[in-house]
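In the two complexes below, subunit A is the common chain; its partner is subunit B in one and subunit C in the other.
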Partner chain A sequence: MDRNYSRDLLEAIQKADRAGANAVVDAWAMGRSFHRVIPELLAPTLETFGKLWAQGTGGVSLATGYVASKVAEDVLSRLLLESASRETPALPAKGPVLVGNVEDDFHPLGRKMVAAFLRAAGWEVHDLGVDIGPAQFVDMAEETGARVIGASAMMFTTAKNVAKLRDEIDRRGLRGRLQLAVGGAVFKLRPELVEAFGGDGTAASAAEAPALFERLWQQALTFEPAPGGMRP
Partner chain B sequence: MTLDPPPPRCIACSIFRREIESLQASGALDLAVDYLPSMLHMVPDRLDTRLAASLTEAGAQGQEVLIAFGDCCGHMEDFRAKPGIDRTEGINCCEIILGREAYRRLRREGAFFLMPEWALSWRQVFMSQLGLLGTNAKTFMQEMHTRLIYLDTGIQPVPWQALNEASEYLGLPVEVLPVSLDPLLASLREAARSARRHDDR
Partner chain C sequence: MNSLERVLAALQGQPSDRPPFLLNLSLYGSRLTGAPVKAHFADPAVFAEGQMAVRETFGPDLLLSPFLVSALGEAFGSRAGGPLEQAPNIRAFAADSASAALRLPLPDVDGHPRLLYLRETIRILARKYEGEVPVIGLLVSPPDLPPLIIGLEAWLDALLFRPEEARALLDRCTDFFVQLGTAMLQDGATALALTANLANRFMVPAEVVTGLSRPALERAFSQIPGPIIVHHGGCPLVPHLADFRGLPQVVGFLVDAGEDLAAARAILGPGPLLLGNLDGPGLADLSPEQVRGLCERALDAGSPDPQFILATSGADVPLETPPDCLQAITEAICLAGGGLR
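On to the complex of A and B.
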């Protein structure tokens, strides 16, 4: 009987077993092109994991979420290494997009996980780090041509600073053309804050961020087409 | 003749228990205090529920309330905005103890803080609550932080054994930072005054 690699990978992630997860990836890659690992194994598994995470079921903890993002990074690193040796692109280029923790927010985990899942989904991600002011976000978006900013805030106090970022985007006349994705614990606990603080969308888990960014990127393009060469 | 209003009731995180008791014992603080378990920080929706119940109970008795917590649950700022209620200023217990500038500077440097109560229950926090077992604990902490800082409030002896075990398990060096209780006291007093001002509006 054929091995169910996706189920085995999911189980390893749910046990927060990074080495075990990578062993499943290795076993899958035997006799297959490693270039297929993301669309055929990793992405569908992370999608299932993301649903369990969003539902709060399936034994998903901080540790399992973290391990899932590390597995995504591990796969991407190997893919990039292999692509470099073959001189072929690892993934279709999407983006660029930005992620960062808003001003006064020093909780990097969620942001780092989002960045890992986005990169594994083929996005060019500029990770700005923690405690990023509104002007810094928007300056960097203008500099890089990013159409989506992912702003992370853990608590209500810091989530209020998302509203300042919204104001900065609007003040520069970029509303619509530059979409604002928001995330973090407080938005999960109080989804009404997404709209209240001016977010254009959120995802129930970091694993679902790629789908959100895809949707927001398309939304941004309806306001103004992207310059040549920049598209997902 | 008008009587002075009674001091507000304080609902505090147990992370501050020993420090508040010390301030009470020294006569610096005259407050009746109820404590909620600090481990509720790990389950914010449960903290929301427990705190709402405590505030409702206090409100039924007509008491002003001072919340000695950081912004640790989704509705903390809604609670704070109600008449007769205010909260200690600070994002979390560490900022309340350290003050804003020191907290921001040390967080920017990658510090992970251990308050005295949590230093003793680090296994529960990292292993049971966060599920960080084996190599994941080190990888995770080393990726997010540069060092552990124990905030020594001077109430109890520095728990060196627990700190060394946490340092070994989490793969980060540990420092002990002596801190004054003055910022906590000032924050409690200001929140108590402010809870009253709410009523004056």
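On to the complex of A and C.
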């Protein structure tokens, strides 16, 4: 009987078993081309995991989310290594997009997890780090051509700085063309703050960030189509 | 009845003249005194004045030491900072891994200036309100200390992938916690209130809770010579209350806004206090009428329970909260007791 690798990978992640998860990936890769690991194994598994996380079911905790992001990083590292040796692109390029913690926010974990899940979904991610001011975010978006900014804030006090980023986007006339995804503990606890501080959307968990960025990217394109059929 | 008698009555499940209440107004004291926030969180006398103003203005039945967990990280060597109008937060950690943190010296609870700041506020408030108002010393439990020393990511790495290092750091944090908690109680704190987020299944898997965090809590709490209140710390607490049941010295649980108090009581049985569940950070966005309505509903939900204390959940009440909104809580409480007392 065929092994259900996706179920096994999900179980390993739910047990916070990073080594076990990598062993499932190794077993899956036996006799298969590794460049198919993301669309065929990792992405669908993370999607299921994201749903469990959002529902707060299946024994999912912040720590298992962290393990899932580490497994995604492990797979990506290996994929990049294999692609380099074959001189073929590792992933279809989506983006670019930006992520960063807003001004005065020094809680990087959620942002790093979002970056890992986005990269595993094929996005070109520019991770700006912590304590990023509004001008720095928007300068970087203009420089890279990013259409989505992912702004992270953990607490109510720093989440208020998302509103400053909203103002900066609008002040430069980029509303719509540059979408603002917001996330962090405070937005999960108080979803009404997403709209109040000017966010264009949020996700219930880091694992659901790729779907949110996809939606926001498409939304941005309705304001200004990509030149020359830019991805995605 | 005075506030201490009211709280003791709740602890014993006895009736009182009105429901006791607690407001997390650690930061808000600076608004009432007009002191700069920086001085508020640096000078014990300034902070204590803020709590006295809180007591005079709104009359809560419990007062608090500074809600300043960054000070605990600073004691280990982390750096804190932040905007002028907010309590400082950790900006750079003392070490980058559990193994590196094990090489840090244990902070001197009788000598480190940030710890002395916390302790002196308790001494001032305890002297002022002895026998009248309980003063609560705010801390974090041993599993929640490493995120202030090495950051959450490095701590999760240790808890999940290097349990022996995690256990060793937990042991060191337990020693520090016991020294500081004991000192706070000797300084006059009536009880300690603390978070235990990294012992909550919302944050870490069951194996970590049962194998590392809960044993650390048991060892730490059994050495504390006074009562302890466990705060939800931003995590849902009620679904995981069974993990905290029976811990030594724990006399109460402060649950998150919106959590089901009756469900909490069903899990705990009689004995511990239940505190909650007004959304403190959300008060800034409400009108006094809305706050009054929320209080009435919270009191309705809690009043069948003789061991209930109305309290703001979550973090500090924001500075921009209109005083009228907090006054509405006091009025609702007095009304529930049949008039002003």
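Note that in this section the second predicted complex is superposed on the first by the 229 of 232 C-alpha atoms of A that agree within 3 Å, B and C clash if a C-alpha of one lies under 4 Å from a C-alpha of the other, contacts with A are read in each partner's own complex, and residues count from 1 in each chain.
Keep in mind that, in the parts below, contacts are C-beta pairs under 8 Å (C-beta built on N, C-alpha and C of every residue); 3 or more make two chains touch, one makes a residue touch a chain.
In this text, all values refer to a predicted model and were calculated from it rather than measured experimentally.
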Partners on subunit A (subunit B, subunit C) - clash or fit: clash
Subunit B versus subunit C as contact partner of A:109, first or second or both or neither: both
Which of subunit B and subunit C A:54 touches, first, second, both or neither: neither
Touching partner for A:221 - first (subunit B), second (subunit C), both, neither: neither
Partner chain(s) touched by A:211 [first = subunit B, second = subunit C, both, neither]: neither
First (subunit B), second (subunit C), both or neither touched by A:16: both
Partner chain in contact with A:80 - subunit B first, subunit C second, else both or neither: neither
Doubly contacted subunit A residues - partners subunit C and subunit B: 16, 18, 61-64, 66-67, 104, 106, 108-109, 112, 131, 155-157, 185, 189-190
Residues of subunit A that touch subunit B when the two form their complex: 16, 18, 61-64, 66-67, 70, 104, 106, 108-109, 112, 130-131, 155-158, 185-186, 189-190
Touching residues on subunit B, where the partner in the complex is subunit A: 44-45, 48, 70-77, 91-92, 104, 107-108, 130-133, 135-136, 139-140, 143-144
Subunit C residues touching subunit A - in the complex, by the definition given at the top: 82-83, 86, 89-91, 151-153, 156, 159-161, 201-208, 234, 281-282, 314-315, 318
Interfacial residue positions of subunit A with respect to subunit C in the complex: 15-16, 18, 56, 59, 61-64, 66-67, 104, 106-109, 112, 131, 155-157, 185, 189-190
